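These are the structures, in C-alpha cells.
Each of the next two complexes has subunit A plus one more chain, namely subunit B in the first and subunit C in the second.
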Partner chain A sequence: MSLREALLTHNADLLPGRRDEDWRWTDLRGVLRPLPDMSTDLQGLTSRPDIEVLPGVIVRRHAAPVAGGVSDIELVVARGEVVLLLDAFEAGEGAYVRDAALPIRLEEGASLTRLVLAEDGADAVSVICSDVSLAAGATFHQTVIASGARRQRIETRVTHPGQGASVRLDGAYLLSGKRHADQTTRLDHTGPGGESRQLVRGVAADQSRGVFQGRIIVREGADGADARLTHNALMLSEKAEIDAKPELEIYADDVACAHGNTVGALDEEALFYACARGIPAPEARLMLIEAFIGEIVERIDEAVLQALARSFVATRLEALRG
Partner chain B sequence: MLDIQNLQVCVADKPIIKGLSLQVPAGEVHAIMGPNGAGKSTLSYTLAGRNGYEVSGGSATLNGEDLLALDASARAARGVFLSFQYPLEIPGVPALTFVRTAMNAQRKARGEPEISAPDFLKRARAVAASLKMDMNMLKRGLNVGFSGGEKKRMEIFQMAMLEPRLLILDETDSGLDIDALKIVSEGVNALRAPDRAMLVITHYQRLLDYIRPDRVHVLAAGRIVASGGPELAQQLEREGYEKYETAA
Partner chain C sequence: MADIDTIQTVEALAGDKYVHGFVTDIEQEFAAKGLNTDVIRFISAKKNEPDWMLQWRLDAYERWLVMDEPDWAKVSYPRIDYQDLYYYAAPKQKDGPKSLDEVDPELLDTYKKLGIPLREQEVLAGVQGAPRYAVDAVFDSVSVVTTFKAELAKVGVIFCPLSEAVRDYPDLVRQYLGSVVPVSDNYFACLNSAVFSEGSFVYVPPGVRCPMELSTYFRINALNTGQFERTLIIADKGSYVSYLEGCTAPMRDENQLHAAVVELIVLDDAEIKYSTVQNWYPGDADGKGGIYNFVTKRADCRGDRSKVSWTQVETGSAITWKYPSCVLRGADSMGEFYSIAITNGRQQADTGTKMIHLGAGSTSRIIAKGISAGRSSSTYRGLVSVHPKARGARNFTQCDSLLIGKTCAAHTVPYIEARNASAQLEHEATTTRLSEDQLFYVMQRGLSQEEAVQLLVNGFVKDVLQELPMEFAVEAQKLVAVSLEGSVG
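Up next, the complex of A and B:
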C-alpha cells in the first residue's frame, strides 16, 4: 500500500486511505480518483533532484512533476563527516502528484543537520518519506517546515542505535485556505542510552487541517533511552482542524520518555495586551504566531539553515495575514 | 482632558459600571480607590478598549474625541496607556522588539515616521537606567519568567517609552517591594506634564505618598460615590469602605 506503488503500476487500489491506521487522517484514495498518469518525460522511471553544493550547504531542489512523479535519492554521510543539507520542495502548477523517497544513512560519528522546506501547490498531492539510519556516535538534527497541499505528508522514520548517537526531529506547519499537512515521525530506539528530542508546532487558519503523528518506540535492550516529544498547535479559525497522536511504546527498562500535546487558540489576553500598546490586531496576531513558530526556527543550530528557515516562515506568515 | 459621563458597562451581560462620571483635566493626577470587585479594573479595560466590555450607555472622550468609537490600538495611538494589574507574558517576543513594534505602529497611525533603531536603543537605555532595569532583561521574552514586581516595572518602562497622554495605572503598586515602589513612583512622577492626565488605581495610601494626587475618588459598586482631596485617601485608610458600600 503506497502512493509510489500505485503511481508506478497505475493501480489506484494500492493507494493508502482512511482505513489504513497510519493514513486515516491523510486519505489519498478519496482525492486521487482517477490516478494521474506519470509525467511523460519519465515514462515510469523515477527522477532525481537537482543538486547544488553551496558553500557549506548541500542543496537538493525537488521540482514538482507535471503530472504524477516518483523520485528517489539516497544520501550517505561518511564516517566523521559533517554535512548541512537543505531539501527544498518547489511548488508546481495544478493537480500534480509527487512521491519522493529520500533515505539517509549516517556512518559512525557522522553529523547531518537537515532542513526540509516543503512548498507545494494547493491542488497537489505530495508524499515525502525519509528512512534514516544512524551508526554509533552519529548526530541527526532535522527541521521540517511545511505549508501543506491538497494532501501533503512528510514522514521521517529514524533508527536510533543509542550509543552516543543524538537525534532531533523538529517540525513546523503553517496552513491557510484548504491546505492539509501531515507530519509523521517514527523514532525507533534500538540501542542503549539513546537521546532524542522532538518539538513540532503548527498553525492552521481558514479551513486547513494539520496532522501530527509521532511514534516513539523503545525496543528491548534500549535501556536508559531519553526521549521527549512535544506537539503544540494553534487553531486560527473555528473551521480549521488539528489531529495529533503522540505515541510511546516502551519495551526497555529505566527509560525517561515524555510526550506532550496542546491544541488551542491564540491567547486573546496577550492579543489585547499588544493591541492596548498600539499594535493593530492583525499585526499583533501575526507577531504572536511568528513568536510561536519562531521557537522552532531558533532551535536550528546552523546559522545558514536558520536564515533560510526564517525567510521561508516569513513568506508563509504573509499568507496568514487577513 | 478625560471626560467620562454616566458610563454604563456590562461584562458577560452583568452590569458592572453603573452610571460613572469622572473628569480628569490635563496636568492632573486623580486616584481611584475602592473595594475589591467595585469595577476599577473594568473601568480601565473599558477605557483601553477590551473586547467583551459592552458599553450600554454614557460616553468617554479624550480631548473631545469619542474614545469608545475607536479600537484598542487606535486609542493607544491617541495616547491612552493602561498599566495592567496583571501584565501578560509574551513568549518569543523580546521586550525591546515589542515596544519598538508598538511605538512604530502608533507613529504610523499618527502619520509620523518610524523611529530609527539607534535612536530607539538610545532612549531605551536611558529609560532602563532611570528605572534601574538591566538591558538584558529587555532582550528576553516579554515578562516571561519575570516576578510580579519586575512585570510592573516593565509596564512603567513601556509607559515611559511610549509617552502616552492618558496614563491609567491599575494597581501598579501591588507586588512592588519598598525600593521598587520608590523607583516606579519616580518614573511615574517624571511623566507628570501639563498635557498629560493620570488615573491611579490603588488600594494603598503608600503609593499616594509618592505620587501625590490632585483628587481622590471612591469607586464602589460601579459608581463614584465620593470625591475629595488627598486627605480622602487618608480617611479611607483609617475607616475603610464600609460606609460607602452601604451607601452604594
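Up next, the complex of A and C:
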C-alpha cells in the first residue's frame, strides 16, 4: 500500500487508509478519489528539483506538481565529507498530489545537517519520504518544519549502525485552518553503541490536526543503545486534534531508551504573567508559541540553516495570529 | 552459607516451579467436542437458561462465524482449531450439592491445595480481626461454591454465579449484560458471548459499602477445554466494592484457550476496585503448553464522580492479550490502571489499557511495569483518547520496562488522541536493564545474585503492588519472585 504505487498504476485501491496501522491518522483513501492524472512531462518520474548551491549549503527546491507527480532523488555524502542541505518544498495551486522519495546514504565519517521546510497548498496531498542509511562514524542531524496540507506526511526512516554514528531527528509543525500534518520517524538501531536524540514539537490551531508517530527499534546485538524521543504538542483551539504514538521496540537488554509525550493547552499562568506586565493577550500568546517552537530552531547547529528555519517559523507564526 | 544457597536454588529449580500444575482426577462431563449450535443449546440447557439467553448466545454465534481473528498484537501462535476444543466441562454430580459436605472431596482438596478457603469457618478460624473475603470458586465451566452469600445478602449485596443470576435476577442481567462489551465487540468477546459458561455476578445496591472483599477463583482442569467465563459487576449509586480474581491451571503439553469477558458498571459516586492475580500455566521453558489468555475487560463509568481502579499482576499464560479499559462517561469520573506484567521462558504478553475520556473533568492514571526475562516478549499497548466534550480531562501515563537477559524483548506502543484543547495528557516511558551498579551494591552487602535481583525487581514494581489489597500483595510479591526464578546467571 503506498501513494506512489497507486499513482503510478492509477489504482486507488492501493492507497493507504485508516485500516493500515501506519496510516491510521493519515487516511489518503477518503481524500484521493478519483486519483489525479500524472503530469506528463516525464514518464514515471516527473518533477525534478532545482538544485542550487548557496554558500556552503546545497539547496533542493521541489516545485509542486500540476496534478500528480512522483520524484525520486538520491543523495550520497561521500566518506569524510561535510554537507549542509536544505530541502525546500514549495506550495502549488489547487489539489495537487505529491509523492517524493529522497533516499540518503552517508558513507563512513560523513556528516549531513539537513533542514526540510515543507510548504504545501491547503488542498494538496503531499507525502515526502526519506530512507537514510549511515555508515560507521557518520553524523545525521535533521530538522523538519512543516505547515501541513489537506494531508501532509513527512516520513524519515533511519538505519543507525551504532559504532560512533550519531543521529538527531527533530521536527516542528505549525498548523492552522483545516490543515493536517503527519511527522513519522522510524529509527532502527542495528549495531552496538548507537546514540539518538529526537525532539518534535507542534502547535495546532483552528480545526487542524497534528500527527506524530515515532518508532525506536533496538535490534538484538545493538547493545549500549541510548535513544531518547520527546513529543510535545500545544492545542490552541477547541476543534484542533493531536494524535501521537511514540513506540519502543527493544530486543537487546543493555539499553537506555526513553520517550516522553505531552499534549495540552498554553500555560494559563505564563499567559497571565505576560499580560500582567502589559503585553496584550494575542502578543503574549504568540510569544509563548514562539518560545515553544524556538527550542527546535535553536537546536540546529549550523547558523545559516538556523536562520532559514527561523524565518520560515516566523512566517507561519503570523498565520496563527488572531 | 553460599553453598546452602546454591543447593536451595538448584533444588527450587529442579522441581518445576509452577506449583499449581497438578491435575485433579475427578469424573467430569463434557459437551460434544467442537462448536456448533447444538453445543450452544447444550450449554444453555445445562444452565437451565431462559429462552432469551439462548437466543442471545445463538445471535452471538452467528456474528462470530463471519468475524476474523485479530492479528495486530505482537504475539505469534499457531492457528487455533476451534473445532478441536471442548466448550463445556463440569465435575459430575447428582442433584447439585446442598452444602459443602456433599461436594466431591477431590474438589475440596483441590482448593485446599490452592490455598483458597471454601469453608466460612476456616476463613474465620484465623487470627482475630483478620480480613475476610467471600469466594466464588469456578472449576472449568461451573461454579463449585460461593461463600458468605447469606451474610452479603443481609446488606443487599448479590454475589453469585452468573448462571444463577440469569435465573434469579433476569431483569438486572438483561439490563446490563453486553452493555459494556457488546456482543460483537471483538472476535474473542463474541466467541465468549456464544459459549460463556460461568463467572461471577455482583450487584451492590445504592449507598452500600460491601463489607468484605469479593473474589472469584478460576481453575481450568480438564484437558482440551476452553474456559469462557463472564463476569458482571454493577456498583449502584454511592456504593463501593473491591473484587479480586485469581486463576491457575494444570501443566499440560497442549495449549488451552481462556477467553473471558468482564463488564463493570459504575453509577454516580460509586467505586469498583478490581484486582487480578493471573497465574495461568505459562508453558514450559521451551514454550510447550500453557494457556492462551485472550480477555476483554472493560469498565463503564456511567455515573458522575464514579471511579474504577484496575490492578493486575500478570505472571502466567503462554500468551496474554488483554486490555482492561475504562470508558469515562460521567463528569469527573476517574479511571486507574496499575499493571505488572512478567514474562519468562517463551511467554508473550501484549497488554495495556484504554482510557476513553468522554465526560468533562474525567481523569485517568496509568502505571504499567513490564519485566521480560528468558526468551520472552512483553508489549505495553495503550490508548488514551480525549473526546471533544471532555473539557479539562487529565491523564498521566508511566510505563517502564525492565529487561533481564540478552534474548528477551520489550515494546511500548502508546496511542494518544486528543480532541479537546483543555485536556492535559502526559506520557513517559523508559526501557532499561537491571543496573549493574545497583546489583553490585546489594550483593556487596551479602545478598546472593538471585536475592539481589528479587530485591531490585520488588522495588521496580512497588508502585503497583501497593495498590493491591494487603493479603494479596504479599502473595503477588512471592509470585513475582517465583516467576523470575532462574532468569539470571
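The criterion applied here is as follows: the second predicted complex is superposed on the first by the 317 of 322 C-alpha atoms of A that agree within 3 Å, B and C clash if a C-alpha of one lies under 4 Å from a C-alpha of the other, contacts with A are read in each partner's own complex, and residues count from 1 in each chain.
Basically, a residue touches a chain if its C-beta (ideal position, glycine included) is under 8 Å from a C-beta of that chain, and two chains touch if they have at least 3 such contacts.
Every value quoted in this text rests on a predicted model; they were computed, and no experiment measured them.
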First (subunit B), second (subunit C), both or neither touched by A:Ile279: first
Per-residue touch tally on subunit A - higher for subunit B or for subunit C: C
First, second, both or neither for A:Ala314, with subunit B first and subunit C second: neither
Partner chain in contact with A:Gly294 - subunit B first, subunit C second, else both or neither: first
Touched partner set for A:Ala270, first subunit B, second subunit C, both or neither: first
Of all residues in subunit B, those that touch subunit A in their complex: 48-51, 71-73, 75-77, 80-82, 84, 87-93, 98-99, 101-103, 105-106, 109, 141, 158, 162
Residues of subunit A that touch subunit B when the two form their complex: 267-270, 272-281, 283-284, 287-288, 290-292, 294-295
Residues of subunit A that touch subunit C when the two form their complex: 21, 220, 223, 233, 235-265
Subunit C residues touching subunit A - in the complex, by the definition given at the top: 72, 388, 401, 403-433
